[in-house]
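Just below sit the structures, each encoded as structure tokens.
Paired with subunit B in one complex and with subunit C in the other, subunit A is shared by the two complexes that follow.
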Partner chain A sequence: MENAMPVTESPAKIDIIEWDALYQTVSQELLSRYNYPCMIDDEIKHGLFPPSAFLSEGDTRLKVLKYDNSFAALRLWNFLLSEEDRLWEARRGGKKIFGVMKDLGTASIIPYAVKNSVGFYPDGAWWTPCIMELSAGLLDIADKMGVKEDCCPVRATLGAFVDGKRFPVPDLCIGAVGTCCDDYSAIMQRIEALGNKFIWWELPLNKYRNKPENDRQLRKLVDFVADELRAVAKAVGEVAGEEITESKLHKTIQKANNVRRIIRRIRDLAYGVSPAPIPALETLICEMVVIHFCSDIDDADPVLGGMLAQAERRAGLGWGIASEDAIKIFWVNPVADLKMMNMIEDAGARVAGSEYLISHAFNIIDENKPPFEALAEAVLADPMIGPSEDRAGMIIKEIQRYGAEGVVISQIPGASHCAYETNLIKNIIKDKLGLPTLEITAPSICDGREAGFSTRFEALCEMINERKR
Partner chain B sequence: MIKKIQALYQQTANNSSKEVVGFFCCYVPVEIIEAAGFRPVRLAGIGSGIAEDEGMDLVGPEACSFCKEAIGLKLLDKYPYNSFKKLIVPTTCDQMRRQGEVWEKELGVDLFFLNVPSTWGRSIVLFKNEIRNLAEWLGADEKLLQSSINRANNLRKRMLSLRQRLTAREFHLLVHLWFVSDFDFFEQALPQIEDEASGTEISDDKIRLLLAGGPLAVEDSLIFDIFEKAGVHIIDDTLCTGRRECDFNIKEDDDFLGAIAEGYFERPPCIWRRPNTRFFSYIKEIAQRQRIDGIVFKTLKYCDVWNIESRRIKDELKVPMLTLETTYGESSLAQVEARAEAFVEMLKNGKCNARD
Partner chain C sequence: MITCGIDIGSRTSKIVLYDSSTGKSLASLIEDSTYNQKELAGSILDKALENCGLKQADVACTIATGYGRNLVETADETVTEITCHARGARTVFPEASAIIDIGGQDSKIIFVNGDGLVRDFMINDRCAAGTGRFLEVAARIFGVELDQMGEVSKNPDQQVDISGMCVVFAESEIIGLISKGVSRSSILNAVERSITKRLLSMAGRGKFGQQVVFTGGVAMNSGMVRTLQQEIDRELLIPPIPQITGALGAAIIAFEKSRKNK
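So, the complex of A and B:
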């Protein structure tokens, strides 16, 4: 339960320098229990480090972020920032590495059903241009390969495969295509054409969601996706040298569900309790951890468990990182620049609900059904593969659940789905709830437009306050 | 010939008493629409910059020109985008299917989303089921399917045989005529074109270009003019609004819907299939057979499926390539003209040097 121990008594957001000072107060005995790798002075060291330690890995965006000041958050950041180093260690240790791509939350469970295997989403390179403030040059590499900025920042993934420094080349890539962003589908194809080994599987449009009259057709779709996932499991088993049985998969689903239960509770506290017990930035990271367990399903549980314990403790004491009357904002789509999560709070708001296109990863997978069927149902709940109207409906339910007072739709530059669904979602929210909605388009580094974004966030908060009065 | 085809195209607006079913993309089987008693109309674009701008009333600027224009043409009440109440939208690319949502929610059409798999092999199961559902939705008559398959096969074969007897521009317009015709009309129109198709003489020293890329709209025929004026020959294409529209056949056996599903699933593929090895084999085979000197790769702004692969096409085919990424606006055309002239000049110099 050491994760429940606050480094300081009062919750606050602190910068990287303040974390360095606070870090000195943590007992060496406590720090020595952790083993996260971090490259310091060209040498991998293991332990639990302050965020500043990761600057030497090139993660320079850390300098401008504000962090939760809890020990649990420190561990969460170490878990996140050490992921690439852990993947390299896994490779050196002879583990098989699976690059799961696009479905964001379901196929990533499969590699964990066999020993000595790790599944991760290379798609996460989406954030590298932000975290490394473009210094890794991944977007430049993509650009040189003819994939330019009218494609979403996910093109950094192509850069990462070419660069070969971010993560080890996967033994097998598991590419979900079909109802998939066009840019990412094409980028996966470019990655395969570089000589990377792929198994492709079909992610069909789920046009039968919320339509009970089409139950029979939905059943057929579930069966089809279950067969696709069986093929994925077979390919993973062949590469790993160990067959994936239904029983092994069932046990892994149970592990995944444990993590999912934790994130559901974290979300309820972070979004639903006033004052907000943990910041939007750490909440977002907790959500992202769930999609592939940050490459370690066993550690994901205690890492998120620590954040949950922290949130519960603070909520019980009525402590929070923002004022009780902070404006409650629902956030739609992930932001390429993590700093935006700080900025919305600096404007007098707190995030009270999110739909980062990964909400299907928070659903509990049915453990009473045959595992492939249960996973197929989980796949078909992906907000990206159903009608935008359904996604809007899901957003509305969450807005109502957490009492959000306004909405920020954060468009992803170059992401084609935003061009179509933003208007639809905005209009449905407006018609059904009448809430003010702000649309923004945030690049990987938004420093040049920071003043403009802040003004718009403040204006949104003011407008909501005015309505409340 | 051009005028004749254009006149026939105009006639299609009024000549059929059948209700129109609109559809996007070449993976929607016309045979089923025809067998259900409708007139199939493929919405392959007009090429109007004004309509493209109009489309931005409902979608963001980062939508591709094709989808923005389609929505804009409906908003502007233009033929054939104003001629149907039923619309079939395949999931062949994400923008296409998301565009479908706009048609359904904002433009009031009765819509069928057709899941068209990106992958090969196993996913035929999904496509066969989708094809059966489509036939049910349209109310296709099983008995009429056989004749519909037979007629479509025949028409495609005859169109394909015209590929080398018409100029590239004439063939482009012929395919667009097919898109808006019902089978009866096209069967009457085709002999008039066949009779006049004289064939085109290609001298060995003329530059031979292959046209590849995304769909060309009707008015994109001006691009052919630019190259023809520059004194080169667009010898062939791999477009879904060109050769690939007619370069396949449906097996004529008893399981009509199964045969249609298999025929369309296996047809010369588009670049978005995964993996797209077969697309590359197809384009390489045509490039070799036609002994091409260069490629014109024409895509639309924000069309990710083509634009992201453009560099790879150049690398794999190893011939000079001109990439034209345009919108439908007039300014794009001026730019195309300047770049086309420079490209042709470069190829001509290369050919002269090779001869010397």
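So, the complex of A and C:
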């Protein structure tokens, strides 16, 4: 396992300059095995690059992040940061490109059932204002189109479609609507109005989870969603010029499950083992890769496999990136500013469990059921499409599973679901578990408020430490 | 044993030298915060030591707190203002169940349990409309000294409301009310109620308990004390020098750490 080979022996978080120095120690033979694109001096080069190489693509936020110092993490970052370039290469190579939007993890499997197709997640553009420190102007474009900051920062996706520089215009967008956040539903409709081709499918409200007495209603929902996904598959097949058969889909589900098995194991190690074998930031990225395979389902497997091997090796040796007594924090909702993941660790904590609205993407899809039915069941496990009490219940189970001692609920400014459910979730956690729960609202760039966030994180840790004493 | 607590706030910086043999503060100082907080931390420490005839070597441990806590070079450790305010308030009022701290640029509500441990906290550092900054703006508009505002706002002749979500809009509302002929007393009263409303909305369903301590510079404003008392329906406990509560807590934590390490 080449990815299990650490660049250095002891795990640490290092900055971009330290990575440059460390990179020099990696053998050329090893580096030459990789082929990730990166724009350097206005020219696409291929290989495996230190994070600093991506600064020339405008990803300036990389300068302030701290990274895991493993070779596996280096590959993970290359996989992540090269995605846009890989999409452009896919377009030039004649591949069909599908923009899978909103469902976060299930519909993205479908395009991979046909050859020469790539599924990606345009919603991921919500990280661009952070990674490029607002220089891409995506939020400004959305502002000018009347989608202003009272809307979720995922409005950057609208900016990305208008801008046309981030990713190629998809041959087809697959948009999930219904019981999804209304901000994004509105944004997708604006994107369609720009002339982008869409197939819409409905995410229904699932209020029948975990209630055996409602099996019949749940069955109806499964049938409904399976039909919706059949329509999606038909549309994808038409664009790709290749029919998606159940057999092809079944094989793709098996591939997706392989990736899901890896992330499940990574999460168990990253969240459950002390000291934490890999940092919160890289764990977050591993989780996000799973929802759309970072535009390459075949490479997602070894990339995450490398991280898993690294985590297993460190866990076996008792090595970690935080101290053994770091406070175990469960994190709810993803943050736009990736630096927050570093900051929580700097405050003396580690992330021990997460619900980034994508937990359903970690479930193993039933390979013994007809594929559309199995996918429909996977869709219906989405934490966002049921009552908030259900989501709180899922969070509580995960908190107990990983033994978290405190909770951070990170609100996304302007995101309607946060406004509706944050207090509810906070109160349920407090009532049922009595855990200290901190609520924050994290902007795309937190620099101006960094001191305030650090104070909150440190105060949460102090509070938990005092209780322990 | 002498220990030191330094609280570098966004508006003022405070220092307390604590003598564990008497359980009292030996000296305390409050100075306006400056751009060079590192230098300020050193200079207030020197002044406080000089006032007591002590040298730096006499201080067993120093804890820094507040916004600029990481800039205090003489500090042995840093502790957040949440923990320090709770400890300071509980030192003055041992039965304190909640602490309301309104500073120049932020406000906090801290709930403590029966053992004196922080059980929850909220900080508002985004909206100046819930902080002392709003009082300063209003005082400037009316040419009233901050410590006189409570007297002026005591007897409003009518109830008006300020609904602005930020100080800038609220300032426009004040100008609008002035142009309508609303009295200074009524407007300042509205300002106090507006700050109170914004502050208490942070608490959500948090229960204040019976012993609520009011700290920070704004606790010296009688109008704010009056309005807060009305809203939470109980008398507020106010430390003799409310601004130094965090620094006092820091000095006491410094003593506890020193004792533990001996």
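By definition in this document, the second predicted complex is superposed on the first by the 469 of 469 C-alpha atoms of A that agree within 3 Å, B and C clash if a C-alpha of one lies under 4 Å from a C-alpha of the other, contacts with A are read in each partner's own complex, and residues count from 1 in each chain.
By definition in this document, a contact is a pair of C-beta atoms (placed from the backbone, for glycine too) under 8 Å apart; a residue touches a chain by one contact, two chains touch by 3 or more.
What you are looking at is a predicted structure, and each value in this text was computed from that prediction instead of being measured.
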| item | value |
| --- | --- |
| Superposed partners subunit B and subunit C on subunit A - clash or fit | fit |
| Subunit B versus subunit C as contact partner of A:452, first or second or both or neither | second |
| First (subunit B), second (subunit C), both or neither touched by A:151 | first |
| First (subunit B), second (subunit C), both or neither touched by A:231 | first |
| Touched partner set for A:171, first subunit B, second subunit C, both or neither | neither |
| Partner chain(s) touched by A:83 [first = subunit B, second = subunit C, both, neither] | neither |
| A:423 touches, of subunit B and subunit C: first, second, both or neither? | both |
| Comparing the two partners subunit B and subunit C, which touches a greater set of residues in subunit A | B |
| Partner chain(s) touched by A:296 [first = subunit B, second = subunit C, both, neither] | neither |
| Smallest separation in angstrom, by C-alpha atoms, between subunit B and subunit C in the superposition | 7 |
| Touching both subunit C and subunit B, counted on subunit A across the two superposed complexes | 423 |
| Of subunit C, residues touching subunit A in the complex | 67, 78-83, 106, 117-121, 123, 125-126, 204-205 |
| Subunit A residues within the subunit B interface of the complex | 145-148, 150-151, 175, 177-183, 185-190, 192-193, 198, 200-202, 204-205, 207, 217, 220-221, 224, 227-228, 231, 387-389, 411, 413-424 |
| Touching residues (chain side subunit B, partner subunit A) in the complex | 58-64, 67, 91, 93-95, 97-99, 101-102, 105, 113, 115, 117-119, 122-123, 125-126, 129, 133, 272, 274-276, 301-305, 307-312 |
| Partner subunit C, residues of subunit A touching it in the complex | 423, 427, 436-437, 449, 451-452, 455-456, 458-459, 462-463, 466-467 |
